[in-house]
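Paired with subunit B in one complex and with subunit C in the other, subunit A is shared by the two complexes that follow.
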Partner chain A sequence: MIRKLRTGTFHTGMTLLSLLWLAPVLWVVVMSVRSFDDIATNGVGSLPHSFTLDTYRQAWTDGGELRALVNSLLVTVPSVLLSLGLAAVAAYALSRYRIPGRRTILLLMLAGNLLPPQILLIPVQKFSELTGLYDTLWALIAVQVGFGLGFYTFVLHGFMRDLPGEIQEAATIDGAGPAQIFARVMLPLTRPALAALGALSFTWIFNDLLWAITVLRTDDRMPVTPALLALQGQFVSSWNVIAAGTVIAAVPTVAVFLRFQRHFISGLAIGAVK
Partner chain B sequence: MRKGPPVTDFDPGRRRFLGNLGLAGLGALGAGSLLSACASSASGPAKGDSSGAVTLQSNLSSPQAKTAIEKLIETFNKQGKGTATVNTIASETFRTQLPTYLTSANPPDVYTWYAGSVANDYASKGLLLDVSDVWQGLGEYPQSLRTLSTDATGKQVFVPMTNYWWGFFYRKSNFAKWGVQEPKTWADFLALCETLKGKGVPPIGIGLGDTPWVASAWFDYLNIRINGAPFHRDLLAGRQRFDDPKVKAVFTRWREVLPYFDPKGKAYPFQEATTALLAGKTGMFLIGTFFADAAPKDALGDLDFFRFPIIDPAVPVAEEAPTDGFFASAKTRNPDGTKALLTYFTTAEAQEEYVRSSSGIVLPVHPKAKAADSPLVSKGKAMLASAAELTQFFNRDSSDALQPTADTALTKFMDKPDQIDAILREWQAGAEKVFKG
Partner chain C sequence: MSVSTIAETAGTETSTVAGTPRRRRRSQRLSPLLVAFVLVPFAVESIWVFWPALQGFWFSLTSWDGQTPPEFIGIDNYAELAGDATFRGALVNTVIWLVLFGGLSVVGGFGMALLLQRERRGVGFYRAALFTPVVFSLVVTALVWRVFYQPDGVADQILRAVGLEHLVRAWLADPQTALYAVILPALWRQIGYVMVLFLAGLKAIDPALHEAARVDGANGWQRLWRVTIPQLKGVNAVVLSVIVIDSLRSFDIVWSLTRGGPYHSSELLSTYMYSAAFQSLRLGYASAIAVVIFVLALAVILGYLVRAFREEA
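On to the complex of A and B.
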């Protein structure tokens, strides 16, 4: 009886909690199918009095969301691959070899992550201008790789350090050099961590706004987050179109997360128990 | 004591070294090819050379305004006096990034922005192009606009295109239902508020949540009605003090109407205050014409406004008429093309076309350009034309840095009107910091 009650309470409580968690998302979805006049008459918070899918068309064509999504992917995919690749190499070297000053290097990389990015906005902007990369997607890729590298290396270092040394020794005895050990032994073993980091970094880079508006100034090079912002007017915004645009923009990240979520959970759990 | 598995010694033996070298070489190769790829695609469309297209960096990001400016550029390109491209940036992003754009090595040529001291600030830093040439052809423009576009050294740095007005907006049908008329004087206004309050309607709508600057309209108007526009300008330029008794008089008047403000107005932004006004939940709303963009289309015909009531008939009537337009970067590589584009924006045809295609309520500044053909717009235009003086708005007449001090002071005053002396002292202290900074 008590057990039943407890299960019941648990389920009710958790359902309510999930609803609370999902409420803002649902709100955005509901808002995205309301007409502008409905929102203007009844306010953004009211129950819908209209239904339209035209908002999605407006966000897609007027908002230029297709190009923005393409830009986002052009930045996100290379950034994720490059930063994870470089971080894996760095983590491999730092965790498996007695490189002089490796602790300092690692701490420096971590320290870089503790800086608030806001204080680096102007230096980054000036530097990107100096290198002639200002207002190009390359600048954004470089910034994303640079800022992600420290954290990814730190995480991968922790992971690789805990891989059994015997595997590496066995590979060395079999005649494998460092590059071969890295490619054939370390990388496959690090896959869960890489997948988890990949999903995370994809989301972070895809959803970034700050760096995009710092190093870009041409509208048709903007990724999806500033493009969504551009749907806002100076004084008045069509919240329904913005909501529709947001729903569209969320699709790639949700897809990546669903694809990688298995790795994500196992990746988090690995290293938790020794 | 270190944990974890044994770490292989770093052994720079020949075989290992070669392996490492190979790895490093791979990295270098990758980086090299990447960099060269960057370099080749970095330049993008060649901008800034003296014959190239002029770039207009625009903050008109609402869909109608964006379409309107794009149409304008299209027409300009067809005329053969030069070529231009428009680059629309979210207005919020634009606001924060404008200094970066202007100071960058290869800046965009033309920018949408506001006239007045906000433009003059950039001019004083030598960032703006001298557009006196453009103004030489603008003999028909009123002197007030020329003064507004002139910087401290006497050269013109700004080219206006449109302006709009502020007023007490209301729904004609609601005023008819309540049986009330537009007030002319402060006494009429107080009587109107009392009547509406008696009918259970909060008389004065306002929206200060997220948009606290809306309260500055009240300060501006009370100040120009009581102390006049010259004092107002001096105050905002730091030549008068906020703890002056004349400023306190503004708040004494304001206190008379404080009980009539919509108590919910502190919580929501002006867009929702617009919704409340249209739904008849408030009686009237002191706001700029841009608020109409937040109104459903069927309500537009029902809107009307009256001018801020006259308090002291001896003070020349001034109105707020924020002027929008363009300025150009001093570093433009194509000054001739830039000026050609700016000249095009000053023509009656361009302004009429802009007003036609942007659904918003704006007035062209060219004296001969026709405004939109609606009773509301004619009334607004007539009001501005009859004003002895025009002001812009608090931040445009002072600076974006001074605006937050006003937001703090005014919000505090509306909460705790008793503490006005302390509030004004704090405001003065805050303003001094801004003026020194």
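On to the complex of A and C.
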């Protein structure tokens, strides 16, 4: 009896809390399909009295979300691939071969990722101006790769180090060189870790604001996060359009999360249980 | 832990004893390709992280507007920081942020992890609900909550509905509430993240420990303090590092909601640094603020590295 009561309390409490947690999201989605007049007469907090998808069209074309989304993907996809690729080869060499000073190199690379980005902002901006990359997506890709690399290398190193040595020895006896062992043996075995880091880094890079506004200036080149802030300035009190823009900006990371849910969570937990 | 230390000492011993033959084998095995495998990524990070970081320290000793070359002025920037009321306010706000955002997300995340650790019906949904905001960018989070705080928005309507209309105010535009109005959305997003970290840690605890404690007559509260929390030592260290580093880095959410205003009331060191650099164009002074942020993070970074170093042994 007491047990039943406790279970009941638990589920009631948790259901309420979950709804409370999701309420802001649901409510923004609802608001994004309301018309301007509806919001003007009934207020932002009321239940919907209208339905329109014109808000999405406005955010998508007039607000420049389409172009921003393209920019975001042009930055995020190469950044994820490049940083994971570079981190994988570094982790492979550092974990499977006796590179002199390998531990120092690894920790130095990790330390770079732990630095507060503030210390890097001004030098990175000046360096990108110097190299002519300032205000191009290349600068953003480069800094995302450079900054993320240390952490990815560290995680992949831990993963590769724990793979059994016999596989590598067998491949060596069969006459495979380091490159072949990497491509044919290690990479396939590292896939779970790569998937986890891939899902994580996609959201991190896609969601970034600070680096984007540091190395980019032109509105047309901004990825989705700064564009969303600009949208807010453009459609000052059109809360429905801003809500639609917010939904559009959130969809890609939500999609990646739903697709790679398991990897995503395990990626977050990698640091915790090790 | 003890096993790895033993293995470490054993490892160093063998390598010193058998130093010469092993070294020969080592140099044989190191193909140029492997050297490139390490050097190329390291060079990329050097160009975009290590070198800029060193430059950052140097710039903090200069006066620089970004147009003319930087001019060396010694520690003048730091001396100016000491007397800068805005800086002091930002420092205090950063500490408040660390305590409230950090403390509450640990308490909330740990509490939720304890409640939701046992696999049973519905738990998957509850976890997913709490975790959902983690997926959103801080800018998205900010916009969601901006609508919430809007004059006559949902926050005000809720207060009116429960008869507390005297509390209604412009949450983000009132210097008294702006900082806290920004912390709330940040917490909304962080609690689910911390919960996932603790859930992973709780899962790794051997259930036999709890069983033994229960047999010995320990109640739930005692088991929490004597078994669960000590067993989570590793996770606690990670969470602590993540929280401190995240707090000192926090920028996006403040920038999206208030830009540090009104009247610097929600200014953090990170936002002050950004506006000093890219709006006031005082690059040397901004670098000095960045160095302060670095120094504040240093202890945590070193702690994290020491832990990582032990693991790599």
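Some points to look at:
Heads up, the rule we're going with is that the second predicted complex is superposed on the first by the 224 of 274 C-alpha atoms of A that agree within 3 Å, B and C clash if a C-alpha of one lies under 4 Å from a C-alpha of the other, contacts with A are read in each partner's own complex, and residues count from 1 in each chain.
Note that in this section contacts are C-beta pairs under 8 Å (C-beta built on N, C-alpha and C of every residue); 3 or more make two chains touch, one makes a residue touch a chain.
Note that this is a predicted model, so its numbers are computed, not measured.
When the two complexes are overlaid on their common chain A, residue A:G177 makes contact with subunit B and with subunit C alike.
Shared-chain residue A:L133: touches subunit B; no touch with subunit C.
Of the two partner chains placed by superposition, only subunit B is touched by A:N42; subunit C is not. Applying the stated contact rule after C-alpha superposition, one finds that A:T52 touches neither subunit B nor subunit C. Legend: residue contacts after superposition of the two complexes on their common chain; A:V89 is shown touching both subunit B and subunit C.
Annotation for subunit A, partner touching more residues between subunit B and subunit C: C. In the superposition on chain A, contact of A:L229 is made with both subunit B and subunit C.
With both structures placed on the common chain, the touch criterion links A:Q168 to subunit B but leaves subunit C unconnected. Once the two complexes are overlaid on the shared chain, A:A249 sits against subunit C while remaining clear of subunit B. Residue overlap on subunit A between the subunit B contacts of one complex and the subunit C contacts of the other covers 43-44, 86, 89, 97-100, 122, 142, 177-179, 182, 214, 226, 229, 232. Considering their complex, residues 36-37, 40-44, 58, 62, 86, 89, 95-100, 122, 125, 129, 132-136, 138, 142, 161-165, 168, 172, 177-180, 182, 213-214, 217-219, 226, 229-238, 241 of subunit A touch subunit B. Against subunit A, the residues of subunit B that register as touching in their complex are 4-10, 15-16, 18-20, 22-23, 26-27, 37-39, 41-44, 57, 59-63, 65, 87-93, 96-97, 100-101, 104-106, 108, 270-272, 274-275, 278-279, 288, 290-291, 293-299. Subunit A meets subunit C in the complex at residues 10-11, 14-15, 17-19, 21-22, 24-25, 27-28, 31, 43-45, 86-87, 89-90, 92-94, 97-100, 102-103, 105-124, 126-127, 142-143, 145-147, 149-150, 153-154, 157-158, 177-179, 182, 203, 206-210, 214, 224-226, 228-229, 232, 239, 242-243, 245-246, 249-250, 253-254, 257, 265, 268-269, 271-274. Residues of subunit C touching subunit A in their complex: 22, 26, 29-31, 33-35, 37-38, 40-42, 44-45, 47-53, 55-57, 59, 66, 115-116, 122, 125-126, 129-133, 135-140, 143-148, 150, 152-154, 156-157, 188, 192-193, 196-201, 203-204, 234-235, 238-239, 242, 245, 248-249, 251-252, 255-256, 269-270, 273-274, 277-278, 283, 286-287, 289-291, 293-294, 297, 301, 304-305, 308-309, 311-312.
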